[in-house]
Amino acid sequence: MQSKKPQDTHVIMSELVLPNDTNTLGNLMGGKLMHWMDIAAAISAQKHCNCPVVTASVDNVSFNNPIKLGNLLTIEAKLTRSFNTSMEVYLRVWGEDLSAQYKYLSNEAYLTFVALDPNGRPRKVPVITPETDEERKMFDGALRRRQIRLILGGKMKPEEAGELRALFIKD
Amino acid sequence: MQSKKPQDTHVIMSELVLPNDTNTLGNLMGGKLMHWMDIAAAISAQKHCNCPVVTASVDNVSFNNPIKLGNLLTIEAKLTRSFNTSMEVYLRVWGEDLSAQYKYLSNEAYLTFVALDPNGRPRKVPVITPETDEERKMFDGALRRRQIRLILGGKMKPEEAGELRALFIKD
Amino acid sequence: MQSKKPQDTHVIMSELVLPNDTNTLGNLMGGKLMHWMDIAAAISAQKHCNCPVVTASVDNVSFNNPIKLGNLLTIEAKLTRSFNTSMEVYLRVWGEDLSAQYKYLSNEAYLTFVALDPNGRPRKVPVITPETDEERKMFDGALRRRQIRLILGGKMKPEEAGELRALFIKD
Amino acid sequence: MQSKKPQDTHVIMSELVLPNDTNTLGNLMGGKLMHWMDIAAAISAQKHCNCPVVTASVDNVSFNNPIKLGNLLTIEAKLTRSFNTSMEVYLRVWGEDLSAQYKYLSNEAYLTFVALDPNGRPRKVPVITPETDEERKMFDGALRRRQIRLILGGKMKPEEAGELRALFIKD
Amino acid sequence: MQSKKPQDTHVIMSELVLPNDTNTLGNLMGGKLMHWMDIAAAISAQKHCNCPVVTASVDNVSFNNPIKLGNLLTIEAKLTRSFNTSMEVYLRVWGEDLSAQYKYLSNEAYLTFVALDPNGRPRKVPVITPETDEERKMFDGALRRRQIRLILGGKMKPEEAGELRALFIKD
Amino acid sequence: MQSKKPQDTHVIMSELVLPNDTNTLGNLMGGKLMHWMDIAAAISAQKHCNCPVVTASVDNVSFNNPIKLGNLLTIEAKLTRSFNTSMEVYLRVWGEDLSAQYKYLSNEAYLTFVALDPNGRPRKVPVITPETDEERKMFDGALRRRQIRLILGGKMKPEEAGELRALFIKD
């Protein structure tokens, strides 16, 4: 299986925020945004593994700037690293008021997907070779984020998470 | 402002998984599930604060058991604790194959919402007083989960997170 | 085939009324409400027969209190009685303005479903044994409502509908 | 206020049955059909009163022939009679398999609407003058159907429903 | 294969313009209108060939009068002519403000469909025999419109388009 | 009003083809594709004029390669030229089978939009200055396409369309 590049998994999605997507104050509902983010990230993962994928986990996501009704939503997704049968995708989400020419970062997130064979069982995926400095930084951080996921999901003990533990006992 | 009870924020949502909600293998897409979870949790938060709310953060969510096309999806939401202007909601999601009489826990999650005044600015919310043992356990854990959120969101330094830090240096 | 209990068929559905669900005055359109009622009732019927079902009839439904945009809609469904291959489900629908803390009964309805085998033909369903006084009252009334349905659907002559006829000639 | 003609309220709606509209056996869900029927009937009522309307009641509806995925659905709606502030609409629904050239009547129904002024309060509607024999028959039957609605809705005592009562004690 | 009549392919579709169908000024978005036009025209084509069809081309469409939120949209479609495996459908679209009793022609269009066999390959369709003067005029014009389509699609050289060429060099 | 660059109006939209978007043979319906194309193009036009826009016309569109269920749809849009109050946008649409790693051009199209002031009346838009050879070629061709639109829309006589006429009488 050949190594692949993050650039080949780059996905851009553009959507307009419509009335049914917003709450009574005219802000995009967080769940609708998560829906779009999941689709953009799943496309990115499928570009890497060339097979169906299923969402395995969504990292802690903070919604910093609400996106308003009628605004343009742009999502950029790119694979950071693959782990045997799973893939981590990094997303950035912007809102944009096209009339006011005001564009703002709404949030960032990491989603993890598992590649599936035709019977719905996990299958191996290609490794990825980062090329730019930013891609390498993302690639390295993926290991730490994976430890947080495993601990928070109850699948790893904190004392086993070497890299993460250093965060708390560095003093 | 009067104290309220978790039971008053209890929400049950039932949905059928339709073709457009699934990927090519017939599994519910993670993003559609997040969409429904967000709505159920937002209703729970609104039952507590009686005002509009906006999603502030979604904790690390793992999708353990895929939910199949045609299955019944049941989401239960209940407020665990409020913090000045924000509220944490605990969700459990079940899938159910009604013909096979097979019901399974799909995942659990914590979502946080901010209460808004009519101008879209944060407003104070009532405190909540847990009544059962499970509610008290959820109430206590909310503090630790909040520290994780603040650290992961870059708004608190790990060394300030007393309760969380103990998790890593207990040995 | 084992007798079952009404409580096992209890379904709660929660939905938010969104812009596309309302008419130009901001009231939930009756047809959208019927759509949600049908899904909630179908789930209830499937919980009883554990097989696919198809809507056979909707009883006379009156919409008393309009439900407003942004309000919470709650539907409760429970099976009242089964008749060989069909099942009657009783529904109550509430609207709720969460900010004003005002909850109101919107309407009640009875829907009937037919259980289907894998070839789409009617199949026998379990009997149901009411347990509470209300469930017994619902169970008894189901016979009378079935006569009305059959007469209004042209499948029974008025003079054959003993229980119903008494309603008109009791004086 | 001028009298109007049933023909001016004639509405034809054509829809294709898509995957999300059907249950797991590929039959159109009853609730989705009710949704379309309500919209077609509301348009018919609005053509008569030229103002917003709200669904007041749906008469007993039987679904006789299931409509299949991919089939064409045709709904015809026409006003039968108006009563001060309300209007009764008669609907016929056909399914059609365009490849097999097979068209079948799925069901008939009567829906009642109330005309609303800009403040959402009932307002008077024009009378209607039937022109054909079929329209006159529909017009006459509307009185009897209204009595059934009022009795079933608990707003009229059976002994007051002269025309309806005759149905049961004609022998 | 028997010749058929345009009247047998007549389709009427009625839709209400809902919030999600409009832009921020409350006008129906052109793309949503094209979506409905395509479905109405595809039904018309299927009524002629009694088999699945796929959109082959959409002629130049001008949107003259914007259709407003809450208005009624009516689309009328009728087949003009068939060409071996393809069919041209003529559409007229009206908007209507039911409260103001104001109806206006929004636009006209020609869509072309190809008939498909069960393997998705083009199949022959019946010829059509126009009956009215208007149908005959539509039938004759179809040849000229087809030449424009083939030239604009790069599948015919301008000098081969006899009828069309006359338009430009008639002086 | 400052001149702007085509690159600033570049829009990329990615969508997955879901069951409800396809006909019974599993091909994306042409109307749904037109819907997405209109939104992508409208965003591109809004990036240029920074105000609301309304679709004025869609040029002759040919659908060459059907896009299949589950495939990825990618639309690229870029402004070619502006004319006082209107803007022409060029679109390319690709389908992609991510598992088979097969990407194909589905179609190209030109859509024209009119810029609107807050009262819904046409307003002037900035001129655009092409920078690359391809942009310049698009810019030059826009004049000829505009003449075709005006002739086909009955707003210009063929003999007035100098550039277009040359196409037919060049021999």
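Note that the chains take the letters A, B, C, D, E and F in the order they are written out, and that residue 1 is the start of every chain.
In this text, contacts are C-beta pairs under 8 Å (C-beta built on N, C-alpha and C of every residue); 3 or more make two chains touch, one makes a residue touch a chain.
The structure displayed is predicted, hence computed values, not measured ones.
K.L.:
Supply the minimal count of touching-chain steps required to go from subunit A to subunit F.
P.N.:
Tracing touching chains, the least step count from subunit A to subunit F comes to 1.
K.L.:
Based on mean C-alpha positions, I'd like to know which chain lies farthest from subunit F.
P.N.:
C
K.L.:
Please work out which of A-C and B-C is bridged by more C-beta pairs in contact, and write that pair.
P.N.:
Result of the comparison of A-C and B-C: B-C.
K.L.:
Using C-alpha centres only, name the chain that sits farthest from subunit D.
P.N.:
Farthest chain from subunit D, going by C-alpha centroids: A.
K.L.:
For A-B, find its twin among D-F, C-D or A-F: the pair where over half of the contact pairs carry the same residue numbers.
P.N.:
So the equivalent interface, with over half the same contact pairs, is C-D.
K.L.:
Just the number, please: Cα centre separation of subunit D and subunit E in whole Å.
P.N.:
31
K.L.:
As a quick test, compute the distance in whole Å between the mean CA positions of subunit A and subunit E.
P.N.:
43
K.L.:
Nearest whole angstrom, what separates the Cα centre of subunit A from the Cα centre of subunit D?
P.N.:
Averaging C-alpha atoms per chain gives centres 49 Å apart.
K.L.:
Provide the list of subunit F residues touching at least two other chains, using ranges where the numbers run on.
P.N.:
19-20, 24, 39, 42, 52 - these are the residues of subunit F that touch more than one other chain.
K.L.:
Just spell out which pairs of chains touch, all of them.
P.N.:
A-B, A-C, A-E, A-F, B-C, B-D, B-F, C-D, C-E, D-E, D-F, E-F
K.L.:
Residues of subunit C touching subunit A in their complex?
P.N.:
Listed in rising order, the residues are 18-20, 69-70.
K.L.:
Quick check: in the complex, which residue numbers of subunit D touch subunit E?
P.N.:
For this pair, the touching residues of subunit D are 11-16, 39-40, 42-43, 46-47, 50-52, 72, 98-101.
K.L.:
What does subunit D use to touch subunit C in their complex?
P.N.:
23-25, 27, 29-32, 34-39, 42, 52-63, 66, 111, 116, 120, 148-149, 152-153, 158-159, 164-165, 167-169, 171
K.L.:
Which residues of subunit B touch subunit F in the complex?
P.N.:
Where subunit B meets subunit F, its residues are 19-20, 24.
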